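These notes concern the structure reproduced below.
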Amino acid sequence: MAKAKADAIITIEGLGKRYGDFQALTDITMEVRRSEVVCVIGPSGSGKSTLLRCLNFLEVYDPGEVRMDGELIGWEEGSANPRKPLSGAKLRDQRKNIGMVFQQFNLWPHFSALQNVAEALIQVKKLPVKEAHALARAALEKVNLGDRTDSYPSGLSGGQQQRVAIARAIAMEPRVMLFDEPTSALDPELVGEVLNVMKELASEGMTMVVVTHEMGFAAHVADRVAFLDEGRLVCCVPPKEIFAREPADSRVRAFLQTYRERNVV
Amino acid sequence: MELDLFVRYGPALLHGFGVTVLCWIAGSIGGLVLGFAIACLYHWSGKWMRWALQVYIDAVRGSPFMIQLFILYYGGPYFGLTLDPVPAGILGFIVYGSPYFAEIFRSGFQSFPKGQLEAARSVGINEWAITRRIVLPQMLVSITAPLTNFIIILTKETAILSVVTVPELLSETQTMAAETFTYVEPFLALSLFYWFMVEFTSWLGKRVEARVTRHLKRA
Amino acid sequence: MTAGSAPANRKAGPAAMHFSFQVIFHNLPFLIDAAKWTIAISAVGMMIGMVLGVLVCAARISGPAWLRWAAGLYISFFRGVPLLVQLLLFYYMLPYVGLNLPAMVAAFTSMGMCSTAYVAEILRGSLQAIPRGQAEAAEALGIAPVALWRRILIPQALRIGLPSLVNELILLVKVSSLASVVGIGEITRVAENITGETFRPLEIYLAAAVIYLVINAILAQAGRAGERRLGIG
């Protein structure tokens, strides 16, 4: 049953990205609907992270358009030949509404967990320190780290650090959360606690775009799975079309085959 | 600014530059040799020798070059060492630079991967051959950068030799300035000259590094 | 204006061969009193260097192209020209541009400007050691560049660069001796004066060297303690 176009929160049209001679992304067109969880999968080098990072303009995409709630991300609306990038201040404004979680956590080591989460609230939303700390505490509670607010990243496990990173992003109350291989840098036994937090976020209706190798997560939590290969979008379909039966496309089949071979439990 | 000023003093300035280069090269080579000797001595001796060497290193590194030059040049005669300015300057350089070079060599020794030494010993190669054939070639590659770095720093330190009347470039410039009552132009020109010299030797140093590491590095 | 008030008689005969501790003890108070100028010059030089060094470093790394070039030029000049030459240049230049300020100003200025260049380079190296992801996380959250620098990058750069910065301070203490050349009454100058009166250069200059060593040893210790407290090195 097709959802109405009006439900789309992110629309991507004709997106491309080049690094010198290398075409990282070609002609990506897709949308992400409100409260939807889209998992982006594919072989390494296929451009998954690049695509994700284009969504909040950490990578400068060209050509194409990324719009969130209709607003063009990164470029000045109406500018052409050549397009003008948004000023720093306007871009930062847009990024307030997009949360990002990185593979390497990227916590600030000289701040405690609480300070990490509160920093953007103080610097960007200009909240008074007390209020920021209260909100930060709440966010850390949400990721089950309410008792570790004063710990420093060096005193936290990888899974805990990543959960702090998630708290840091959700404390800003973004409309969309982007996850760039959030569990790839974690020891296997720590992956579960992070995925659980992500599942909870999803169940609360957060719109999420997740680049991941965790096929279990993609199969069970995603509303749709986007498969990228060599910078092109092969398909973006509900998970059961890929996981429950033989995928239609041969590239997807090949990818899942090697995956299954390596991951037979 | 009158250019004939520079023409008149040209020979003196050139001579001063020559002295600068002489002290720099002689001092660097002497410092390298002494520093290497200290590092080797440190590496292969016991607690007391190491302590004594460390005292020497700390004393020289912790006191100003100028004071060291004064001790050697003005204080020297009082313990039997009467030197002319240029030899005193060169000796001062050697003494001043030796601890820095020693530290560079020492850290080169210490950071050498022990695994390679173990492998060589377990095959039965003797210590001196190990040092000569395995350690030194690789170590020289890894310390080339800090060595050239410090040698370039020494080019600037030559200016300090003027305080013990070594007739190097700064000293000649001061003479010229005092005799002609122009101060800003000569010193500005001198600054630019040193700047150029340091930039040039840095560039040269990078080329040397690249060349040396290419020849000695075997993956 | 060159330093080195040599005693007229450099070829000392055997009569002067004995080492006189008496001379040292008698003049030690004067040398130690002069140490306050040494410390003042180094401390002020370092403070100027830290403040301006951060600015020059920021300009070097993240300013518009012309500013980066200008900052690079500044750093290159003040690291390429010997400090003694810089000092003399400032000393002669100040009256030339109409500023008739005491020699002390020339000394402080050139020390400050020189250490600025070195601090800027130290900070640049330290900043490069910070994983890029930390800045990315800040960008993704919408944190502005000034806040990013002030709250995240500089604090960490200072921590990482602490050993080098302590080293720089020790270096400043040593090169403060050059201020003697423009007549500032710090340790080296006073030592020269005393030598001119007592004709015992060996004893006096050794004593001066020891005072410098003591100051630097204290700084090195403080530096190590600081590193331990911050948990680095």
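Note that the chains take the letters A, B and C in the order they are written out, and that residue 1 is the start of every chain.
In this section, a contact is a pair of C-beta atoms (placed from the backbone, for glycine too) under 8 Å apart; a residue touches a chain by one contact, two chains touch by 3 or more.
Everything numeric in this text was worked out from a predicted model, so none of it was measured.
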item: Contact pairs, highest-scoring chain pair; value: B-C
item: Most centrally placed chain, judged by C-alpha centres; value: C
item: Averaged-CA centre spacing for the pair subunit C and subunit B, given as whole angstrom; value: 20
item: Averaged-CA centre spacing for the pair subunit C and subunit A, given as whole angstrom; value: 48
item: Inter-centroid spacing, subunit B versus subunit A (mean Cα positions, whole Å); value: 55
item: Residue list for subunit B, restricted to those that touch at least two other chains; value: none
item: Of subunit A, residues touching subunit C in the complex; value: 56, 58, 88-89, 92-96, 98-100, 102, 104-110, 119-120, 123-124, 165, 168-169, 172
item: Interfacial residue positions of subunit C with respect to subunit B in the complex; value: 1-4, 6-7, 10-12, 16-17, 19, 76-77, 79-86, 88-89, 92-93, 96, 170, 174-178, 180-181, 188, 191-192, 195, 200-203, 205-206, 208-209, 212-213, 216-217, 220
item: Sites on subunit C touched by subunit A in the complex; value: 131, 133-134, 136-145, 147, 151-152, 155-156, 159
item: Sites on subunit B touched by subunit C in the complex; value: 58-59, 62-68, 70-71, 73-80, 82, 156-160, 162-165, 170-171, 174, 177, 183-184, 187-188, 190-191, 194-195, 197-199
